[in-house]
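Take a look at these structures.
In what follows, chain A forms one complex with chain B and a second complex with chain C.
What follows is the complex of A and B.
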């Protein structure tokens, strides 16, 4: 039974990362209607930049700078992904972000090499809770995911900017009529989501080393978490991340580590099928 | 002669011109590899293999409006189907029994059938999806197929792959090198003939109706779901056939030949030629293979424009160029690079013509 709880604890920690990426995807989708295929790349940028900077400065400062750098990168991604007004459809934007994800692999490979990178965790001690080891790093990830879910929900519901984000995806025409600049809206959403995902990446790297090609799997897992909430619900994306993380860890522990990604993908396919029942073609 | 008769006559004439054109081009494409040296033949062969996949995908994307990021998965299934059937499904008897597998010709025929069967099964739920859901679901399918290579490494050899020593023999003639390339391009011609005939038929008109306005097509009695599923299965079969032939081209199957980026590359090929353009898909495949080859040459150099290239130079260059290409095409030429450029040239010529006003 201890093994089971240990797996659940690890699952909640990796699931927190999926949840963070999932919520970022939800934020971007609710503001722009775009599914950002390059979202996982931001986690990789966060982790790898932190690793490089930590050679020259303290880890905390490196992490903060990495989040800032990622937010700036995300602004650039926003401008390209939104594309040309009135011409670029949301599906075209998705394919553009696929292109950005491919391009990002090239840039990351050139800048950081192909070796997966990791650095020291917040603390190398672990709390022993009835035989189950809980590392402070896991707790930090779970905490960030919870705070992000809480903060994002408040932000989208209670603030003017949050309302503007939601409005511009609900009805772009009406949003423009009342004077919202759709491109600025997209930039805000992408930058915010990029920073959030980067925080996830910075905290993830000590437990799971990241490399230039980790982005794809992170995006897929984050998307699966987001689909849990139909791409629009922050809370369900959080829950989806936890469920996915725990299921994956149980598969690793009890079935076969090789099937870890396969199970995640099958779960995602089932979720997609369940979520899109309402939007049938005919 | 009435107008209707006139139209029917013109249609028959168009069909004849189309068939003769494709047959002539195919004959040339099959003759060409015998004139090339062996390095170029290999490149030319790969172009043909990818052109088969791209032809199916352009049909699917252009006429059913379905973006598939998973064609690499069907390519993989086709390749491993023919490869494993040839060396023998039972991993224990492979090494001891030289007659463990079946005839390579049968194995190649099985490849598109298995891919099509898989497409039929997953297509029923998948073809109900649209937009980003479909894109992610097809990508997930390709990733699952790829992960299974590692998870089922007893059968697939995992990262060490499978070596296929048997050669493909047709009518007592070994299909290697130039004759393999000729076979592949002959099949490309056949696929083009089938696809263009399909599009020019009643089925094609239904497909075009779906592409333009799905609800309207459905309201006019077009069974949208069935047509989409048929296209999906057909595209998968073409990808599977290409995979099956790839086995006897590479004579080795390993996960590196089926990386997930390949699925995305097929989308780049199709978007170069324009969605729904068959000749464009062939041009796209030829372009991408050629560019990749040139980038590989550039990337393996020590330095490039004064920069020291790391050992991963080829990957960096090809990923970078293809990423940029996809972004540029989707931003500026959403209807295809080739149609966009041709249209641009035409309007330029119209403007430059003396005495014309714009």
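What follows is the complex of A and C.
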């Protein structure tokens, strides 16, 4: 039983990263209607930049700077994805982000090399909760995911900027007519989502080393979490991330680590199908 | 001085000419109608005036300033707001958020932080304007918490008008006021627009397929056909014209007026 709970704890921690990426995808989708397939790249940029900078400065400062750098990179991705005039179709934007994700791997390989990178966690001690080891790093990831879910929900519902983001995807034509600039809106959404995903990446690297090619797996997991909430629900994306993380760890622990992603995605598919059937029945 | 002036405006979509050298003016506090059949170029002309599309030829002026090719946001800041065809309310947002965004859009520029600060600084003005709109359209106050997508067609038209009015326009351009709405509702919206015009001094440019509504609401009208102005003049003169009667008012050609 201890093994089970240990797997669940690790699962919640990795699941928090999926949730963070998933919520970032939801944010971008709700503001622009674009599914950003380069989202996972931002986690990798966050982790690798933190590693590089930490050779020259304190880890905390390196992490903060990495988040800032990623937000700037995300701004660039936004401009390319939505086009200079903001009139690229959503499908074209999606394909552009796929291209960016592929290109990013090459750029990251050239810039950071192929060795997966890791650095020291917040603390090397772990809490012992009835035989289950809980690392502070896990707790930090879970806390960030929860805070992000809470903050994003409030942001989108209650603030004028959040409402402007939602409005822009809801009716781009009307948003433009009342004076909103769709490209500015896209840039803000991508930058916020990029920064959030980068925080996830910065906190992830000490537990799971990240390399230039980690982006795709992170994107797929984040996407599965986001789809759990129909790409629009922050809360369900959070839940989806946790479910995905825990199922993957259980597969690693009890079945075969080789199949963890595949089995977890099948479970997600079944859950999504079940959830949407439930929705239709209401 | 004219408030809005379209000077020999041509709009093209690739090879197709939607608007072919149309000139149109709206004076301050005036009510002007733009009528014509489907595909006559009414919406294209309105979009050219509001910065949604850039005219291929001709100029757009607001109070004698050339605004040709300006963004929709710049046009809104100059005092011309559009209520789009099909209303396009923000369906998932509450009615009140729809309205507030009208005020936010007016102060929105490229850069979001200063735009938002500008909005927050004008918070009191925005509240006053919101109260005024709730007084003018009390139905919206009742619906303030409801997602705009879950209101009726007529209520959505009120939301769209209210949202445009939040930008404090001097000219309200309305594309298809009556589309899909019950006649009684259209009547009360028309009365509201007249009141808005007379009491608040907001000029109206109304695009509608219903000529009878347009003529009864507006002092002056333009009749557009295949991208050109076929007729223009005071509504009361146009109502009597045989060709207008036959084409738009359901009368037979040559029937006594």
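Everything that follows uses one rule, which is that the second predicted complex is superposed on the first by the 262 of 282 C-alpha atoms of A that agree within 3 Å, B and C clash if a C-alpha of one lies under 4 Å from a C-alpha of the other, contacts with A are read in each partner's own complex, and residues count from 1 in each chain.
One rule holds in what follows: contacts are C-beta pairs under 8 Å (C-beta built on N, C-alpha and C of every residue); 3 or more make two chains touch, one makes a residue touch a chain.
Computed from a prediction, not measured in an experiment: that's the story for all the values here.
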>> Applying the document's definition of touch, where does A:216 land relative to chain B and chain C: first, second, both, or neither?
In response: first
> Is A:250 contacted by the first partner chain B, the second partner chain C, both or neither?
Replying inline: neither
> Once the shared chain is lined up, is A:188 touching chain B (first), chain C (second), both, or neither of them?
Replying inline: second
>> With both complexes superposed on chain A, which partner does A:98 reach: first (chain B), second (chain C), both or neither?
In response: first
>> If you tally the residues of chain A touched by each partner, is the higher count for chain B or for chain C?
In response: B
>> I'd like to know which partner A:87 touches here: chain B for first, chain C for second, both or neither.
In response: first
> Should A:180 be classified as contacting the first partner (chain B), the second (chain C), both, or neither?
Replying inline: second
> Which of the two partners, first being chain B and second being chain C, lies in contact with A:167: first, second, both, or neither?
Replying inline: second
> Now for A:262: first (chain B), second (chain C), both, or neither, which partner does it touch?
Replying inline: first
> Does chain B (first) or chain C (second) touch A:59, or do both, or does neither?
Replying inline: neither
> Which of the residues in chain A come into contact with chain B in the complex?
Replying inline: 35, 80, 83-84, 87-96, 98-107, 109-110, 113-114, 216, 220, 223, 227, 256, 258-259, 261-262, 265-266, 268-269, 272-273, 275-276, 279-282
>> List the residues on chain C that touch chain A in their complex, please.
In response: 50, 52, 71-73, 76-77, 81-82, 84, 88-93, 97-98, 100-102, 104-112, 116, 119, 160, 163-164, 167
> Tell me, which parts of chain A touch chain C in their complex?
Replying inline: 160-161, 163-164, 166-167, 170-171, 173-181, 184-185, 188
> What residues on chain B touch chain A, complex-wise?
Replying inline: 67, 69, 125, 127-133, 135-137, 139-141, 143-144, 147-148, 150-151, 214-215, 218, 224-225, 228, 260-261, 264, 267, 271, 310, 312, 315-320, 322-327, 330-332, 334
